[in-house]
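Look for chain A in each of the two complexes below; its partner is chain B in the first and chain C in the second.
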Partner chain A sequence: MEKKKITIALAGNPNVGKTTLFNAITGARQHVGNWPGVTVEKKTGKRTYKDTEVEVVDLPGTYSLTAYSLDEVVARDYVVEEKPDVVVQIVDATNLERNLYLTTQLMELGSKVVIALNMWDLAESRGDKIDTRKMEDFLEIPVVKTVANRAEGIDALLEEVVREADKGEHHEHEVSYGDDIEKKIIELEKIVGKDSALSGKYPVRWLSVKLLDGDENILEKIEGSSVATQVNSVLSAIKKEDYEAAMAEKRYETINTVLPQVCVKCVKEVTFSDMIDRVVTNKYLGIPVFLAMMWAAFEVTFTVATPLMEFVDMFFGWLAGVVAQSITNPVLGSLLGDGIVAGVGAVMIFLPNILLLFLMISLLEDSGYMARAAFVMDKLMYKIGLNGRSFIPLLMGFGCNVPAIMATRTIEDEKDRLVTILVNPFISCGARLPVYLMLAGAFFGRQAGTVIFGIYILGIIVAILSAKLIRGTVVKGKPSPFIMELPPYRLPTLKASAIHMWEKGSIYLKKAGTIILAGVVFVWLLSAIPAPGVDAAFASEEILGTEDSLVGVLGHIIEPLVAPLGFDWKVAVALVFGFIAKEIVIGSMGVLYGTGEDEDALAEILTAGSMTPLTALGLMVFTLLYAPCIACVGVVKKETGSWKWTLFMVAYGTTLAWIAAFLIFRIGTAIGWGL
Partner chain B sequence: MANTNKMIFAMVAGILYVVFGILKMLEGLGIETGLAESLLIPGDFFGGFCFVVIGSVFLYAVKELSAGVHMGVSYVYVGILMSLVFMAVYLLVMGADLLMFYAVKSEDYEGWRIIDSMRPGIYLGLLSLIGYFSWKDRFTTEMTNV
Partner chain C sequence: MSETTLNLLEPGSKAKVIQITGRGSARRRILDMGMVPGAEIEVIRKAPMGDPLEFLVKGYNLSLRKAEAELIVVQPLGV
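The block that comes next holds the complex of A and B.
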């Protein structure tokens, strides 16, 4: 017998556990975080429950069906246009009032809804008593208790979903908006009902309510219809802002009538979240506390990783030995030893740092602290022309700028979003870390951690100043106000944080095995081909990585551009190839300086005269600021939809990098540092 | 009475963290304080700054509690949490040093002793540990009952 197929959409406010529930239902491992805006695109998965094949669509969080930001548009459009068989609304049991606002809108739309009352254990633990039976009676919607992070209540939820999908009859629920608004709704219903294309696709009352709500998307739909003039004449006679506010108030009135009958809050107690928030959002202490927490994360990343790096180094040293002993063909031996093992090994050695950095970021995200960080930074962000919502994508940039730029979709204002995208690459991603670690370790000894922390802080400062500059010049305008819900603090589980760490870390591993491998092989190839006019064999010792190779010719062409910064042709080549992926900067240097995967040998060569602490610092700053990797450039083009802004970002960053490295080198030299 | 104890605790912890933080910052800037060896204080500017922040959180608690603001206890609680986080960080660093000495046998660690990795963050954290276990759940219940 063929299986029945249904599609369900997981909808709900931001940060109520939609993605966790999606993972629990489908067995997927999508990234979840304890702050709003983690899901910015819809994701799909499948699950077979009894004789039904259930397609599950995880939607970005939305507070209402009147969408304001891009991610909310994605969610709203799916529910409205695609009409899934059942909408599962995940309701945060600890915040019923706000969550039920979306429920009222789903009910008005006429969707078949099942409520997953998530985190009810948290609600109960703080003294709330929720009567789900009464809730079902009042709302006429099935309610199932779930604890998504422990996969509790999943089967009961699916059972209810399948039963709801099978139900033939279904009626729309109505919120009573009072006489004046109801009159307007009826007036609009009569007009909209005349357009069969519209009335055939959407409930007429819902369309009328949305028109009075000032929903831009519905207004656009009406513009193209046969009843546009009549609708506009009704709408022009009313003050839309007043109607929007009054309707929201009525919805909350409805909720507040139901709420006391289904939920009894026994104790109003002070929670640990309240206590922590009082401190971490304090006007004076908020930002210093944030800096202290970031420092702790970096200290673990850099110091604790040291012995683990040594183990990776030992492994690649052993591998290089095996290659040297067992490959007799000199070209193949050089490709494997000097190219692949050297290049990839030089990058892989930093895997422990990368994993620990991601673990720290995951712990901060999962605990709920990141949302507070955005909150305390809002005032500062506003001063520079952005709002607090921009801070989360900027923080995400510490991991990787690509998802961070995608996360800007949560920013409602287009100008705020554009500026956040343009400055995001200045936030130092994990891929740039190997460059800092190698150079700071070689030149700054026990102060290496401080220097690297300083580089990260510099990235933040440059991003802030650039945002201010761009906001005041090319993207003029005031930032939009920032409203964000602070999620409750949760003790991060080691398992969840380890999964997040692995998700991000495995991308680094994949990169090492693909793009970085290809990049270093290409660099080796160029360094193994003799330059025109040079009489030497391919991959012979006398030309490998020297000025007599093709890479030498290329390096000398670019060298004049970077010579004023104190960089030689090898660094120039490494920076050019760093455009493919930042990790290649170190991989290329390993190949070009002929030190293989041995970081200590590379450090020794550099400190022996190839570089000074000043040029090393300049190179770190240049790596921080210059054009981001090709994947990042691609995502900027996709998200801005503009080559003009993409090229602006690349040119602006590279120019800034050049000026900063030049100033460091010249001023430092003039005052006698690092000579 | 309960808040008096917490206020005294916050004052002692606050002063200790601020003083040790300043010493670490001075040592980090290369200014000899003469106390680095006896108190096991490394030169570390940013690490010192973090200590000053923790100390300030404790001292803010003193300010609020002495003004009769019961929620000032929040600052004692968060100060304790922050100092425990930093204690954990320094214990992890000590663990890494241990690995460098025993497993990696790094030349840089020749003659290393566990005391070499002992940091003020660890022994000051012990004070917070006592505070944490003394008042753990009472922080919120006492607030609720006010």
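The block that comes next holds the complex of A and C.
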């Protein structure tokens, strides 16, 4: 039998559990977090339920079908233009009133809606009594209770969805807006109905309602249609602002006539959250608490990882030994030992740190603190010309700048968004951490932690000052409003955090096995090929990683660029390849300084060589500030849509990096420090 | 008490929304999020640096800057 195919969209307010539900239905592992705006793109998955193939589309959250920011546009466009067979609206059972506002809009649009009444566990545990039967009767929409994070209610939901998709004709439900507004709606309906292109695609009443709502997207559609002048003459005769307010009010009124009967008993206060907030957003404690949390997160990533690193280190030491003994072919042995083990191993040692870093970030995201950080920091962000919302992508940047830059889609103001993107790479990502760990560990001994913390702080300071500078010169404009929901705190579950950590950890492993491996092998290859005019065999001992190899020649060409910073040609090569991925800075150094056969770790070789604490510090600062990796440059281009801004960012960062490293080296040398 | 704007209320006070002044997309967003005429609001707290403010509206917590709160005309309710 031919399988039926249907497409369903998961829509709803931000942070109600859409992605959690998506993961539960499809078995995917998309990113979940307890703050509004986690999902910024639509994601598709599949699930076969009985004899129906269900294509499931997870959407960004939206409060209203009149979109406000880019991520909401994605959700609106999908529901309005693509017309999925069924829209599953995920409704937060602990916050019915505001969630049902979107329901009224979906009903007006005429979508077939099924409500997943999610977070049922939370509603129940705080003693809410919701009559889902009554809810179904009033709304004429099927309602299914779900607990997405425990995958409860999924089959019941799919059953309802398939049944709804099978239903034939479907009628739009109406919110009644009262005589005055209804009169205008009818007037507009008559006009809009005349344009068959529009009325064939969208419900006429819905178009009229949206016009009175002042929805720019619909206004644009009308602008290009045959009825533009007539519609405009109706709209220009009314006071837009009054209509907008009255219509929102009416929708809430409609909900409020239903709610008391549906919500037999509904608690309003979130006392547990309030208690925490009294501390973390307290007038005096708010900022110290934020800083203390950052410090704690940093301490954990740094100190807890140290004993674990020994294991990884031992493993690679052992591997190097095995390779050296068992592989007799010298070229192959060198590729494995001097290339892969030395290069990839130098990066892999820091896996424990990376895992812990992501664990910390996931705790931050799942607890609900993220939105508070935006709240606490908004004033500061305002002073530098940004918005509290920009703070969330900046915090995410500590993990990886790529998703962080995508997260800026929740920022409504275009200029705010652009500046948040441009300064994001200064927030030091997880890929740069191995570089600091290795260098600080080698040169600063017990002070290593402090030095690395300082590097992070420097990144933040540069980001802030750059934002202020850019906002005050090339991207001028008025500050944008800060409108943000503060979700209740939830205790992060160990399982969710562990999955989160593992997801990120495996991405890191994959990166080590692909792009870092490739980069490192390439560097090894360059260092194994004899330089022109040098009479030596390929990959022979005496040329590997020396000036007599091809890499030596190339290194010497670019060396003058970084010589004023006190870097030698090996560092120059490492920095060039670090553009592919920042970990390769360390990987390349592992190959070039040669850690393969001898037991010595890269750190020991470096301290014994020409590098000083001063140049190490300069190198750390340079790595922090210079051009971000290829993936990051790519996402900046994609999100800004402009090569001009992308190149600006690369040039600006690299210039800053050069100047900073230069100053460190010159001033340090002048005062005779660290030599 | 007579009508005032939301930015002038102290934490702990409650009020009823009379109207939202201003215009544009931010205003509409504020309306969509439940700050509609007739809605009851409680001022929860100020952020550590004095701005933004946090409100309880429609059973959830919403944060707005003073600049936006100033657009919201309210009638304070007795405690």
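A few comments on the model shown:
We adopt the following convention: the second predicted complex is superposed on the first by the 658 of 675 C-alpha atoms of A that agree within 3 Å, B and C clash if a C-alpha of one lies under 4 Å from a C-alpha of the other, contacts with A are read in each partner's own complex, and residues count from 1 in each chain.
Simple rule for what comes next: a contact is a pair of C-beta atoms (placed from the backbone, for glycine too) under 8 Å apart; a residue touches a chain by one contact, two chains touch by 3 or more.
Quick caveat: nothing in here was measured; it's all calculated off a predicted structure.
In the superposition on chain A, A:Ala292 makes contact with chain B only, not with chain C. When the two structures are aligned on the shared chain, A:Phe375 is found in touch with chain C, with no touch to chain B.
Contact comparison for chain A: of chain B and chain C, C touches the greater number of residues. Shared-chain residue A:Asn282: touches chain B and chain C both.
Using the contact criterion defined above for the overlaid structures, shared-chain residue A:Thr514 touches neither chain B nor chain C, since it reaches no partner. In the superposition on chain A, the residues of chain A contacted by chain B and by chain C overlap at 268-270, 274, 282, 284-285.
Interface of chain B with chain A (complex): residues 28, 44-47, 49-50, 53-54, 56-57, 60, 71, 73-75, 77-78, 81-82, 85-86, 89, 92-93, 95-96, 99-100, 103-104, 106, 139-141, 143-144. Residues of chain C that touch chain A in their complex: 19-20, 22-23, 25-34, 36-39, 44-52, 54, 56, 58-65, 67-68.
Considering their complex, residues 63-64, 66, 68, 94-98, 101, 213-214, 216, 240-241, 244-246, 248-249, 252-253, 266, 268-270, 273-274, 277, 281-287, 375-376, 378-380, 382, 388, 412, 480-488 of chain A touch chain C.
Here chain A touches chain B in the complex through residues 267-272, 274-276, 278-280, 282, 284-285, 288-289, 291-293, 295-296, 299-300, 303-307, 310-311, 450, 453, going by the rule given at the top.
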